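Common to both upcoming complexes is subunit A, partnered first by subunit B, then by subunit C.
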Partner chain A sequence: MATISTTQTTRQKDRSLNKQSRTLVMRAAITSLTLVILLLYLLPLGYSVLTSLKSKAQVSDVNAPILPSEAQTYFYEGEEYDVYKIPTAEGEKEWALVQKGRSSSQFVDPQNPEAGLIEWQGRWRTLKPSYQLAFQWSNYPRAFNFINFWRLLGFTLLYAIVTTIAATSSAAIVAYGFSRFRFPFKSVLFIILISTIILPPQVTLVPMYAFFYRIGWVGTWLPLIVPQFFSNAYNVFLLRQYFMTIPTSMEEAARIDGAGPIRTFISVILPQAVPALIAVSLFHFFFAWNDFFGPLIYLAGSAELNPIAVGLFRFNGLYSSEPQLIQAASILTMIIPLLIFFFAQRFFMQGIVVTGEK
Partner chain B sequence: MAMFLDEVQRAGGERRRRGKLGTMARREARWGYAFISLWVVGFLLFYFVPMIASLVFSLFDFQLTAPEEARFVGLENWRRLLFDDPLVWQSLGVTFKFALISLPVGMISAIFLAILLNSKHLIGTSLFRTLFYAPVMVPAVAGVLIWSGFLDPTTGWLNQLIEFITGFDAAGPNGIRWFDDPFLVYIAYTFIGLWAIGNAILYNLASLQGIPTALYEAADIDGANFWTKTVNITLPMITPVIFYNLVLGVIGLMQYFITPYVLNGGSGYPQGQTYYYMIHFFKQSFGFLNMGYGSTIAWFMFIIALGITVLLFGTARYWVYYAAETR
Partner chain C sequence: MQQRRSLLSIPASLLFLLPAGVFVFIFIILPFFWIAAVSFTNRTLTGRTAVDPEYVGLANYLRLFDPDRFLRSGEFGASLVITGQFVFFSAIVGQVLLGLLLAWFFFNRKGWVRETVQTLAILAWIMPDVVVAFAWFAFLDRDAGTLNQILSTLGIGKPDWLINLPLVSVIIFNTWRGTAFSMLLFTSAFGSIPPSHLETAAVAGANTWQRLRDIILPLIRTHIITDLILITLWTFNTFTPFLLTGGGPAFQTELVSIFTYRTAFKFFRFGQGSAVGMIMMLINLVFAIFYLFLLRRQQVKL
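Take a look at the complex of A and B:
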């Protein structure tokens, strides 16, 4: 009996140990699989960063190494010569090619130039050039100046900040109306509001463009900014969902103290809705930062007013022969949104989840 | 979406309940209207009136540069659109062909990644979630330019990676030319679209976290393996979100513009295969400033998008599991 129970406990121990190690293996497997997928997913970003630090010559050189580098050269008697990797009996040497020949060439050893020219038998064209790491940091100031980054940034920030304030505050006001008051046709109006989310914007675009053209607003920022003061369905929806979750007890207390709806809204609702307000502001900020189609059509004739997305597009058209500058400019345009995202991602991702769940 | 249907039902209920309003109720209603008036004005100015105007425009021959020459042409624009403009059908075909490739790839990737990011075995979950979402933050134009370099036939990393792994001469002179081949170009555009699935991943994740654990526990007792649980519990339970992503995806693809416009300026290269419907709309409306015909193209797009949405809602009851909603 005793022996049987012992084997049973060992078996149980074995099983739990087995289970533990299985969990460990599962963890390692799932985590490394995710890591590999993530690396592949972000690989283009890696390409962009490294390319933005290369020289133009290196980007177009198929045999160049992956890391930013430049072909090594050596000054010998006042002349600059390329350095090649040469297989010799004593291993690989890095020598500068001084005199090119068909079947044998003259080299000099940068380590020991006093030894003079070295004759090497073989075709120099089969040799690989020697590279050393070299980051072209200057691509960034060049791209920065070519794209006229300060001006683009100024207009983009102006547009993003003004419309973020306008869109968030107007949406909060409307959302308060929809979440706290009973009035006839409320649900019907709310359905109309929601429907405008899935309405393709093109269907209203042409008459609006014609109208703004007529009143002389095309070529200015006004057609892009003014409509944002009248709230947008997506933001209203998100804020209304959040306001509904705020308990009404504090509002009732405020009302008993004699506060009217406006006071209640400002001093009771808004302070409790800060996370949702931040989320909506972030959504709108990123929307404005990315907005391409609107500025493209309304600012078509006024290139000097362009925001960053359109500026980058035009830059690509002008400098397509300089891929390293295109990549540097692309990175420049994403730094601010990425930084804001990493610092504020908690609010942001929660906000998205709220819209997705409903 | 479910919330939308809910609202529709509630609207019905409200109509029945409504009777005469008392003084207090009238005061409350007045405040309510005051707060939403901002939106009502905006709706009328920027949605309702322009929509009607757009429909009216579609009955006119109206060049923005010569407004005094505008004239009523009846259904002429509509006749031209339906029977006389091969580019309408070609661009619709292009849009649908691309949707058939890009939507399934994007949606399946989003579901797969959400399941992976929801795995209890994953270490560093929140860091992974942040990083998988990060590409959404890359401005669309920058994203397209980055991918365009990444997919470059000779110097791009993808071909070099393929060459490295398979040994096939992908980056050579006869290598894979992603943007020049009439079929591969859709794959390339689909790749670019993968950087925009972050929201779909998060929606899926939220939905996965809402599945009652009791379902999995019951399945474990029955000895179900991971695959069985995925097919019989996970996927059915997240169909509402899959449906939501599908509707958003279809609507988004009808407006697909930035990628083809940045890559080739709307030329449709190669062989018109990237001449999307939205490009046609853009050229007619804002290239030729043909306001009448542009409006017609826009309304036709609206009708098609509405038709597809209604169709999708019609199919929903056969495959979308609504009992999962906790409201």
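Take a look at the complex of A and C:
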């Protein structure tokens, strides 16, 4: 009996140990899988950052290392020589190539220049140049001046801020109307408004363009800014969902105190809806900051008014031989959205949550 | 009482709805009738046909669906086929399915890994299109691009992605760009599932797959359908791949949105462009109705 129970307990122990080690292995596997996904995810961006810190010579050199670096050189007796990696009997050495020869060349060891020239048998062309890490921070100021960053930034900021205020406030007004008032054909009107979400932007683009062309607005910012003052379906939808969750008791109290609908809206509803308003503002701000198609079409003839997204696209066409400057410029473009994102991440998430709730 | 209040609020409600009314009327309804009308004419932006367009009947539509050229590269049919593949792989398989799997994978996992992944996913989503396109353009470069450097160290060949596999490149690019939205939407959906449901299932001995199939998926199906509607339509209408390939090479990545742009704004043939717009609208409508039908049916079942 005693033996049986011992074996049972050991077996149980074994099993729990087994289970423990299995969960441990599982966890390790999951973590490493996550890291691989993360790495894959980051690759294109990481590459962009790395390229922005490389020299032009390195970008065009196929054999150059992935990290930003420059070919190492060494000054010997007043002259600058390239450093190569040389396989020798005592392992790989990094020597500066002083005298190039066909089948043998003369090198000097930067670690020990007093030893004089070293003769090495072999073709120097087969040798790999030695690189050391070097970050070309100067790409950033160069890119900044090249694309006239201040002007692009000014227009982009103006566009983003003005339309964010316009889009959020107009959407809030309409959403309030739909969430609190009763009127004939309300649900039909709401469905008409919401169905505009599924209308492809390219569809209304042609007639809008023809219209704005007729009244002479093409080539100015007006066609991009003015429509935002009249709300848009997605923002209305999001805000209405949120307004519906606000209890009506406070509004009733305000009404009893004699506040009209406008007053109620401003001093009761809006303060309670701050998170949703911020989420909508953020969505719109990022949309405006990234907007490419609109400015591309309406500002086609006036390059001096371009926002950053289009400016960068044109810059790419002009300086395609300088990818490091293009990447530097595009990273500069990200800074403001990135900062806003890190400060407001919580609200952003909330906006997506509301969308999911039908 | 009820009656009186609702009557009283009509003028006020009109005030609040005014912006939406203007929006729908000026920016949706008028343009809609405009393109419906213009799609039957040979209107252009400038020149004689801008002032005095002629009625051409169904010519614009017949030209789009002309069987001789329909599927030829650079024509409407070819562009529809490309868009179909693009939507299927990068929206339905890529973003929705991958987003669902990722959300499931990180479901109930806490800590820095999950936080980091979520943050990065949102970042990829909010970054300017141009920035992302440039990063990918460099990333996919044949000789200097990181992707091929990795592939060649693994001993796999070096394809010239944007030249030989343009559609694949654009699909991967768009999936990368958009998966975050689905993932976050599903993450929040999973969060709304009462933990007791899952605990009961675990006690009853349901394995992970059964729990996903029988409990999680039915509970979040409205989220799934909402996500499907939004992602399918966004992907169908997206213009961003233009930044990566310009629709080429040889029209191989010419999505319908790019086809419309080329027809309407490169040559300013508004009559033709309007006809394309009308058809795109119909396709969008079919998608939306199909998904809404699914949604309705699911609810009835409950």
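One rule holds for everything that comes next: the second predicted complex is superposed on the first by the 331 of 358 C-alpha atoms of A that agree within 3 Å, B and C clash if a C-alpha of one lies under 4 Å from a C-alpha of the other, contacts with A are read in each partner's own complex, and residues count from 1 in each chain.
The rule is short, and it goes like this: contacts are C-beta pairs under 8 Å (C-beta built on N, C-alpha and C of every residue); 3 or more make two chains touch, one makes a residue touch a chain.
Because the structure is predicted, anything quoted here is derived from the model rather than measured.
When both complexes are superposed on subunit A, subunit B and subunit C end up clashing with one another. When both complexes are overlaid on chain A, the residue A:T23 reaches subunit B alone and has no touch with subunit C. When the two structures are aligned on the shared chain, A:L67 is found in touch with neither subunit B nor subunit C.
In the superposition on chain A, A:I266 makes contact with neither subunit B nor subunit C. When the two complexes are overlaid on their common chain A, residue A:S231 makes contact with subunit B and with subunit C alike.
In the superposed model, A:F181 lies in contact with both subunit B and subunit C. With both structures placed on the common chain, the touch criterion links A:I194 to subunit B but leaves subunit C unconnected. Common to the subunit B-facing and subunit C-facing surfaces of subunit A are residues 30-31, 34, 37-38, 41-48, 51, 59-60, 62, 170, 173-174, 176-178, 181-183, 189, 192-193, 196, 198-211, 213, 227, 229-231, 236, 261, 265, 286, 289-290, 292-293, 297, 308-310, 312-313, 316, 323, 326-327, 330-331, 333-334, 337-338, 341, 345, 349, 352-353, 356-358. Per the touch definition, subunit B reaches subunit A in the complex via residues 2-4, 7-8, 10-11, 14, 18, 21, 25, 28-36, 38-43, 45-47, 49-51, 53-54, 57, 62, 64, 67, 113, 116-117, 119, 121-124, 128-135, 137-142, 145-147, 149-150, 152, 154-157, 161, 171, 194-195, 199, 202-203, 205-207, 210, 241, 244, 247, 251, 254-255, 257-258, 261-262, 265, 278, 281-282, 285-286, 291, 294-295, 297-299, 301-302, 305, 309. By the touch criterion stated above, subunit A contacts subunit B in their complex at residues 23, 26-27, 29-31, 33-34, 37-38, 41-48, 51, 59-60, 62, 170, 173-174, 176-178, 180-184, 186-194, 196, 198-211, 213-214, 227, 229-231, 236, 261, 265, 286, 289-290, 292-293, 297, 300, 308-310, 312-313, 316-317, 323, 326-327, 329-331, 333-334, 337-338, 341-342, 345, 349, 352-353, 356-358. Here subunit A touches subunit C in the complex through residues 30-31, 34-35, 37-38, 41-48, 51, 59-60, 62, 66, 170, 173-174, 176-178, 181-183, 189, 192-193, 195-211, 213, 227, 229-232, 236, 260-262, 265, 286, 289-290, 292-293, 297, 308-310, 312-313, 316, 323, 326-327, 330-331, 333-334, 337-338, 341, 345, 348-349, 352-353, 355-358, going by the rule given at the top. Looking at the complex, you find that subunit C touches subunit A at residues 5-6, 9-10, 12-17, 19-20, 22-24, 26-28, 30-32, 34-35, 38, 43, 45, 102, 105, 109, 113, 116-117, 119-124, 126-132, 134-136, 138-139, 143-147, 149-150, 176, 181, 184-186, 188-189, 192, 222-223, 226-227, 229-230, 233, 236-237, 239-240, 243, 257, 260-261, 264-265, 270, 273-274, 277-278, 280-281, 284-285, 287-288.
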